[in-house]
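Each of the next two complexes has chain A plus one more chain, namely chain B in the first and chain C in the second.
So, the complex of A and B:
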């Protein structure tokens, strides 16, 4: 409870510091909206050209896109401490400061940054989702709302977990940005589309190693009424938990890396 | 039992060199940052920690503050081992780095302080009292609404110091706190540290290259070089070993005849001034004075002991640092 209070307090202070430069904030948010709207346009163009991708209609594709955008950019907004530049945190020596304060390192990493500009991307994601719901005539009910919330939340944990890989590499002073970006930003781009559109190896990658498909797409498909890979019912509710599992594993790896940092240091 | 106990502390770092041409693996070299360092500090002491760059000062501060784990050896601060009881330990320490700011850059410092209050879980009443006391002593009252980035270096340093003391730590680590400060700011800072140490009984471990800081604040100094402790004791005692020379500046009415000065002293001419450096152990000062008097009619004369920085430089040289 105390940790949550500290997190909210930190967010308030960080938001205040961002708002010290209102003009720059507005411009950057605008730029993000344009960027993300461009990605959404790509989906619309595909739909326009092909009408459908396998079993998925244009509305379905917009729905998948929206789910990914909302989950990814909520993470980037509120988990900027981890998704941001962790290597810079080490190089600047700010990580040392976290060791000097009586709180968990992960807590402080999360509390040290926020990226409210992502609100633009999130808005585009919401727009895509609403549009998708309309076109595919999704009938919402309590179960679907629960599934939606679950998918977004565990999606965020999965994304945090993936970015933690980068943090762990940074502690071991290995430059790995490109490699890890393939599963973080690459995963986001690829999994805007349902994975049954991809060949086998990519399906395995995003179905097991970086399980975007399990966390976000299986619930999305159930909400759309067209189960992905035949996963439906209780199984669809369990699949997103893989995001939690991924995060928990990476959390412990991260703690281990912090021990390593303390014994080698800067 | 002492407040800080450090026994046989060792710490080394592996540094990978750039890969040489024609070699497959990079060469590694091991830097021994600390070698068998031991010392004790009692509560309420104000200790200076000196040594050239790369002597291991920062490493020992990092170990004692819980950032690093040593390779071997034992350390305890108030009965706690810094690197195993990190969270409990850091609740009772404050750390200020002269070269790195720890407060939030873009918000008024009062917001930073409120956040620190939550981080350290300081009670509201205790926080308000302490803040009042510190802003008063550090002259920060009018700056509370100013963001750190708009402050001068001296103001920033005071703001940092305030932030590191809000949770009333028993032990304060200062890493070059006066670096880059003007004379007035330096004096104020020293005055504040002395007061804090006397009134609150806060133990202070001060790392610095500024010997005036040490002379003004510390009863005890520790010298570290190449990761080893070379001296631990009073500053005047340390200096007396190297403080063997005196310098006399003298000006005559007419060009003097200084040929009778002994070989063991050095003579420099600076305009109308003559600068004579000698060792009182070899030529007693009274002899020197009578020699100078015989050389001509003196207009002006000042005698000086050597600059502390020069003494320290000489000490480092003789210790082969």
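So, the complex of A and C:
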């Protein structure tokens, strides 16, 4: 509980410091909105030309897109310490100071950055989600709201876990590894669309190794009333837990990697 | 002219030092390419279009291969503007505009060639329907290369304008991001411009963003017939003149009235 309080307090302080430059903040948030709107435009234009992707209508596609961008950018906003430039922390030697303080490394890394500009992207995601719900005529009820919240929450943990891979590599190589982008940003791009559009290897990648499909898409499909890969009922509520499992594994790998951490000495 | 050329060569050599990073970039870009192609394949399965799927696949690969040309790249100058180091740059006996133009050109060209050549080889080895198609004809390939060169000149000039604005406002992230995002959407990187609604295409194709990759790719796939190549080059040339004009004016004004930030 104490850790949580510490985290919330840091977020408040960081937010206040970022708000000291309101003009710059507005400009950058605007840029984020236009950027994400560009991605949404692509989905709209695809729907305009092709009408549907397998059994998924335009509304469904917008819903999937919204789910992905909300959880991805919430992570980028609140988990900025890890999703941002973790390698820079190592290269600059700033990580050393974290070892001297009486708190966990992970806590401190998470506490040292926030990216409030992402609110722009999240807003676009919400807009896509609302539009998608309208077009696909989603009937909300208690169960669906619970499933939605669960998916977003565990989605955030999964994404954080994926970025931890990059952090672990950075401990050994000092530089950030562009290759990991294939599962993080690649996962985001790929899983904006339902996974049954993809051939086998990509399905395996995003269904089991980096289980975006289980965490975000299975619940989305149930909310839309068209179960994905035949997963429905209680199983749909259990699938997002794979995000938690992934995060816990990566958390321990990260802790292990920290034991090997050697300061760059600058 | 020689000094700009040697600036170009110096930067070129520097870019070749990071071959490891390029390898990671290639794999990453290949995965992105495969993801996009899978989506378009699935979409075509349900609703085939007049434009053949193979043309879209080729379009995606060429976009991915030369992706690096789209990114704005010269962070050194951004830092110099912010820290005041730009004052030293003014001491060089060269036109600053030309100097940075050559640098950006080298970074974009080398950065993308290092990735593009192996990527295109790999993409051509992929099975039918997944891999890149051959150019429409040999003249089409040559014209496409010419278009790519002209487009690259355009992009470097455009980037110099962003830098010019940065010199005045210090805040670069906002403008850079704004420029970049219009870029990824309207260059055809997120969605091929050939899949935009036909009415939009008439306008979007004329925008500067379409000149770098979209125009040469259309020449490559033969979507723009050979006899229209002149028109394409004309549009590119017009944008190039406009951008260089604005850029030169901005930089000249900036160097005359430069406010150096304390370092």
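Note that the second predicted complex is superposed on the first by the 258 of 266 C-alpha atoms of A that agree within 3 Å, B and C clash if a C-alpha of one lies under 4 Å from a C-alpha of the other, contacts with A are read in each partner's own complex, and residues count from 1 in each chain.
Here is the rule we use: a residue touches a chain if its C-beta (ideal position, glycine included) is under 8 Å from a C-beta of that chain, and two chains touch if they have at least 3 such contacts.
All values derive from a computational prediction rather than experimental measurement.
K.L.:
Using the overlay on chain A, decide if chain B and chain C clash or can fit next to each other.
P.N.:
On the shared chain A, the partners fit.
K.L.:
For A:99, is the partner it touches chain B (first), chain C (second), both, or none of the two (neither)?
P.N.:
In the superposition, A:99 touches chain B alone.
K.L.:
Based on the superposed arrangement, let me know which partner A:69 touches: chain B (first), chain C (second), both, or neither?
P.N.:
It touches nothing on chain B or chain C.
K.L.:
In the superposed arrangement, which partner chain does A:202 touch: chain B (first), chain C (second), both, or neither?
P.N.:
In the superposition, A:202 contacts chain C only.
K.L.:
Touch check for A:136: first (chain B), second (chain C), both, or neither?
P.N.:
A:136 sits against neither chain B nor chain C.
K.L.:
In the superposed arrangement, which partner chain does A:31 touch: chain B (first), chain C (second), both, or neither?
P.N.:
second
K.L.:
Per the overlay, which chain contacts more chain A residues, chain B or chain C?
P.N.:
Larger number of chain A residues touched: C.
K.L.:
Going by the contact rule set out at the top, does A:184 touch chain B (first), chain C (second), both, or neither?
P.N.:
neither
K.L.:
Would you sort A:13 into first (chain B), second (chain C), both or neither based on which partner it touches?
P.N.:
first
K.L.:
Would you give the minimum C-alpha distance from chain B to chain C, in Å, for the three-chain superposition?
P.N.:
It comes out at 12 Å between the closest C-alpha atoms.
K.L.:
Give me the intersection of chain A's contacts with chain B and its contacts with chain C, in residue numbers.
P.N.:
none
K.L.:
Quick one: in the complex, what on chain B touches chain A?
P.N.:
It comes out as residues 13-14, 59, 62, 65-69, 83, 86-88, 90-91, 93, 95, 100, 102, 104-107, 111-112, 114-115, 118-121, 147.
K.L.:
Provide the residue numbers of chain A that touch chain B in the complex, in ascending order.
P.N.:
So the residues of chain A in touch with chain B come to 2, 5-6, 9-10, 13-14, 16-18, 20, 93, 96-97, 99-103, 259, 262-265.
K.L.:
Can you list the residues on chain C that touch chain A in the complex?
P.N.:
Checking each residue of chain C against chain A gives 21, 24-25, 27-28, 31-32, 34-36, 38-39, 42-47, 49, 171, 173-175, 177-178, 180-182, 184-185, 190-191, 195-197.
K.L.:
Would you tell me which residues of chain A are touching chain C in their complex?
P.N.:
23-24, 27-28, 30-32, 34-35, 38-39, 41-42, 45-46, 48-54, 175, 177-179, 181-182, 186, 189-190, 193, 197-199, 202
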